[in-house]
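What follows is a set of structures to go through.
You will see two complexes here that share chain A, one where it goes with chain B and one where it goes with chain C.
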Partner chain A sequence: MKSVENFKIILLGSQAVGKTSLLEKYVKNTFTIKYKATIGVDFLSKCIDLDNTKYSLQIWDTAGQEAFQSLSTHFYRGSDACVIVFDITSSKTFDSVSNWIDEIQFHIGYDRKIPMLVIGNKLDLNEKRVVNSQKAKQWCEEHGIMYYECSAMTGQNIEEAFINLVKAIDVFNKENPRQFNPSFHLKRQNPKKNMCLCKN
Partner chain B sequence: MDENYDVIILGTGIAESILSCLFSCDGKKILVLDQNSYYGSESPSVDLKLLHNMFYAGSTPRDKLPPSKEWCIDLIPKLILINKKFFKILQSLNRLNDFQIYKSVNHHYISQRNPQPSKKSEISPNQGFYLQKIPNTIETLGEYIVNQEENEKFKNFFYYIQNYKTSKQEALKIDPERSTFIDILKIFGLSESGIYNIICVFSLDKEQCETVIGDWALIKLQQQLNSPYLMPSFRLYPNYGLGNIIESCTRINAIFGSTTILSAEVDKVIFNDENKVIGVRTYHGIAQAPIVICNRSYAPKGKKGRLVKRIVRSICIIEDRDSGNYNDSGYIYIKGNHINRENSIQIIYLGASHCVSPEGYIVACCSTVVETDSPEKELQVAHDLLGNIVNQYVKLYEIYENDLTLSDSNLYVVNDFDEIPDLENTAEEIQKIYEIISKKSLFVDNI
Partner chain C sequence: MEELISITYDSILIGTDTPTSILAAALSRDGEKILHIDRSSYYGSIDGTLAFHEFLSLASSGDSPTFREFCIHIMPNEDEECMKFPRRFNIDLQPKFVYSVGDVVDWTVNCGVSLYLEFKPLEAGVIWDKNGIRRVPCNKSEIFANEALSVVEKRLLMKFIEFCSKSIEEGNFDVNVRFVDVMAEKKLPQHLQNILLYAILLIEDTNVSFAEALSRMEKYVSSLGIYKDNCALLYPMYGSSDIPQGFCRMCAVYEGTYVITDELAIEDVCEIDGLQVVTSSFGPLRGKKVFVNSVYASLDKQVTIELENSSFRAAILCRGIIKEAEGPVLFSIPPMEFGNASVVYVLQLGESSSTVPAGYSMLHVWTAEGNADIIQSFIASVPVEIVFLATYKHTVVRCSGTLNHVYNPGGYEILKHFVHAKELFNKEKGNHEFLPLRHTEEEDVLKDI
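Right, the complex of A and B next:
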């Protein structure tokens, strides 16, 4: 029997770097060029199969809350990994990556570590690039963070980035086993089961 | 900021947050502002560092305590009673329950006057009272039944409730429109302590027991008995504290397109010539809305309500080896007349199983209405019970009361949290404000 692993992954980054686009491209394979500040997106689920294990990824969007710095600890709580997105055509968004890492550490506690992935988005606009790829990669390596450059428009590299993140989470969780904490939901009819849309 | 909203909410306490969530779900455009950099206003869930800073600014908590982020301490913890109003409001917010996990609070103690400590009780020395453990579930009720005869009576009673309104009941000749709950219990021949235990299990108050119960109330008891939520306890507490409910609400708000701004520099609520609310002025501009809901700290002078009482609360961090297991949460009620006071003292203690503290520690909150000039001493009785207190934070609260029906200016001021350890008054208030503003009933079935 295959086992199913549930992971919560949170998506962070400055405004308009393409978090929601990236998420929608990855999960639904759709892309819209028009920018709309995120309203209504909560999280999207995606199931993947890797080495005989099913992974159900619950990827949480910020719901636009980053605009007013009103993201709460609740958003970060229980996450298995963070994806920080920046825009390769804007150096400001890359500079803010370290702020986001600070923010994550503040909310999960400075003594805790979780796997992180930095994505440089908008690779399709490579000719307008201002963030040096080599530099960004080096910075991430120094901080022990995975680095990928993707395009939410073409879908380039997204799949690969997430698969490698899942592998990293798996390794990380084996080294730092999670504690089981029994509890119950107010909602009765197995809410967790409906979240994973994959058919066996 | 310079925009029009349907409702502006100032403060992120539990009542404000739930209201904002209810309105957002209705499709209203909401702006939530809070002066603080954290959620929760008067009743946030904070980590140890923030808690320590709130009471002793500039200093750090003791070194030997575990890291700050493992704590989630409610400044004002409250319990949720199953199948009561607040519980129903939470249930109606379906999206909220995707995020939020609740766990039962397992123990319930009540003070009894010394002497005659029975076998089942835990005696506290040097006091005029001892603590009696009382059942809070049908399962645990079994432990309190003394003999076989009583056991049969209990069975008969529960059988009666469970099958109320079905054909087999005719022989008993109980008329619910004429008898009180206690009368019914007496028909089954239950002893005084048996009656008391059943009242505890159903968490009924004195009034409910002593007035005519009526058909409807019995059906409700039946539902309660057959409800899946009955287990394992009547009292729930959310994981990571009430603050987690507040933060979940904020997320739902964001999902529905409402805006929440922390560390907002709110100047004042502004009114027009007819003394009606037109918006809120901040140091960044004016946000307009025909309705403003706020807590007392944002209310303009003359609209803060009247001072009704003062409450002292202490948060105690206790070292306890057993924390982290099933037994680390509970509720203790010390009757005022057992300790020569007018008002009772309530203690809520929570631990690692509710993600409130790291394993090995328990956080207890003692509260009572202030009666003397040295409020801290009034809680001494409770502190003596708790044992090994590592850190202690005492705070005085002034409780103001407002009459919502008088708010003809469309400014609704949410009342302060009182000393009662559940959220039923808050739920009442939420319902009232919601129904006045949206002109429809909060509950469809009106139960």
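Right, the complex of A and C next:
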């Protein structure tokens, strides 16, 4: 029997860099060219099989709460990894990557580590590129972060980036085993009939 | 920024406490364009779960009308972990629980917020008195198995529970009679009364009616054993402010805009051309309606503030834990045990709730009135070392005036927060459904996991 690993992955980055587009391309293989600030997108789940293990990824979008730096601590809870997205045609969005990393560390605690992946998006607009690929890659290497350039429009490299992230989470979790700490999501309960106080 | 000041919002909500956040989610689910703001570095407002340094800064600022008279009794050493890693130590301003069955669960599951929240079963029914700490029997079989109770006591207790059960079924009881008087009439000894009142039904007010006690009993029994044997209550992982944060996220998913930052100054609300205009450091914000929580009550120039009740609270960081347990534990200290005039509740949160690191526990204490001496005297009876002790006064206020004021009932029971949010929702929306069913493809995916 295959084992199942559940990972929560959070998606971050400045507005309009294509977080939701990447997510939808990766999970649903759909892409819309028209930009719409994130609404209605909550999180999407995707199951992948790797080396005889089934991985269930729950990838959380920001729900637009990043717009005024108002992401709640709640968003970062229990995340296994984070993906920071920037737009290769906007240097401002690359500059803010380090702010996002700071923000993540602030919420999860500066002493805690978590696997991170930086994605330079909009590779399909390579001719308009302003962020130097080598420079970005080197910056990420220096910070111990994985780096990929992708296109949410064509889907280029997305699959590969996520697969390698999952592998990195796996390695990280083996090196930093977490205590099993079961918790519950609320479930709807059917009302009991003929309730008697002396049950049990 | 331009977006903020160019849009006319259907509702602007100020403050992110639990009822205001539930209302924000309910209104946005009903199709309203919402702006939800708070001049704060954290979500939750007076229902916040604060990191250690945030708590210290709230205590020293002294500008919260809800929480006052902070006394920091023992300052940690310089090398203490809570100073070095303040984010690892989280303090609920007012801890909250959820009964495993009931309207709160139904609304939360229905609207999808349950996907954002995780809970731990809360072990309640633990009495802490001069004789030590012990679990009380929570159901029929435990009553029979209990070695601390005599045969006579067991019979009295069972007879009383059967009497309550019958009263519920038949509904023929005097609604005005006090629960304590009924227990006395049925000759329940004081320590059994304490168990029922304080450890099982979690009633603080001894004047509570028999009818109210019966409805709590029903809620307790139907919630028992749903997630864990002998547990009826659930505590939110990571702290109580995850509940308002979950509803804020739901509001954001449905187009709500969030500005939660201490850089935001909210100066004034006035009516211009039929719109409410909130003057802020981010510019004028326009809404058809404005809702404010008690922190922002003074934005209403004609506000009247009624003090409803106040209680004594404490947050105690300890090295070590009082009672080994898988999850959070709620202790009930009956009146007079340690010089306390009324029941004292102590919630022990350990590593499992992800609010403190291993080796520590955070104790949240609340009681009608109390003082640091009482706390010192009951803590002295257990082998833990206090690292940090803060006491403060919590006041529940009811505000009214020309703006829409969101009332926060305070206390551990979250149902009242939903009920008030629903009242405000129905006032605006008539019979529209409050927090309607949200069906997402995620639900199906999650089922498979």
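Just so we're on the same page, the second predicted complex is superposed on the first by the 184 of 200 C-alpha atoms of A that agree within 3 Å, B and C clash if a C-alpha of one lies under 4 Å from a C-alpha of the other, contacts with A are read in each partner's own complex, and residues count from 1 in each chain.
As a convention for this text, a contact is a pair of C-beta atoms (placed from the backbone, for glycine too) under 8 Å apart; a residue touches a chain by one contact, two chains touch by 3 or more.
All of these numbers come straight from a predicted model, not from anything done at the bench.
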Next item on the list: Look at the residues of chain A and decide whether chain B or chain C touches more of them.
Entry: C
Next item on the list: Once the structures are superposed on A, label A:G64 by its partner contacts, choosing first (chain B), second (chain C), both or neither.
Entry: both
Next item on the list: Could you tell me if A:L44 is touching chain B, chain C, both of them or neither one (first, second, both, neither)?
Entry: second
Next item on the list: For A:T73, select first, second, both or neither according to whether it touches chain B, chain C, the two together, or no partner.
Entry: both
Notebook entry, point to check: For A:V4, is the partner it touches chain B (first), chain C (second), both, or none of the two (neither)?
Noted result: second
Note to self: With the touch criterion stated at the top, can you tell me which chain A residues are shared between the chain B interface and the chain C interface?
What the structure shows: 39-42, 63-65, 68-70, 72-75, 77, 107-111, 181, 183-188, 191
Check: Hey, which residues of chain B end up touching chain A in the complex?
Finding: 39, 67-70, 87, 90-91, 94-95, 97-103, 228-229, 239-240, 244, 247-248, 250-251, 254-257, 259-263, 353, 355
Margin query: Looking at the complex, which residues from chain C come into contact with chain A?
Written below: 3-4, 42-43, 85, 87-88, 98, 100-101, 105-106, 108-110, 112, 114-121, 139-142, 158, 161-162, 164-165, 168, 217-218, 221-222, 224-227, 234, 237-238, 241-242, 245-246, 248-249, 252-255, 257-261, 351-352, 354, 440, 442, 445-446, 448-449
Next item on the list: Note which residues of chain A are touching chain C in the complex, please.
Entry: 4, 6, 39-45, 47, 56, 63-65, 67-70, 72-75, 77-78, 106-111, 179, 181, 183-189, 191-192, 195-200
Margin query: Quick check: in the complex, which residue numbers of chain A touch chain B?
Written below: 39-42, 62-65, 68-70, 72-75, 77, 107-112, 181, 183-188, 191
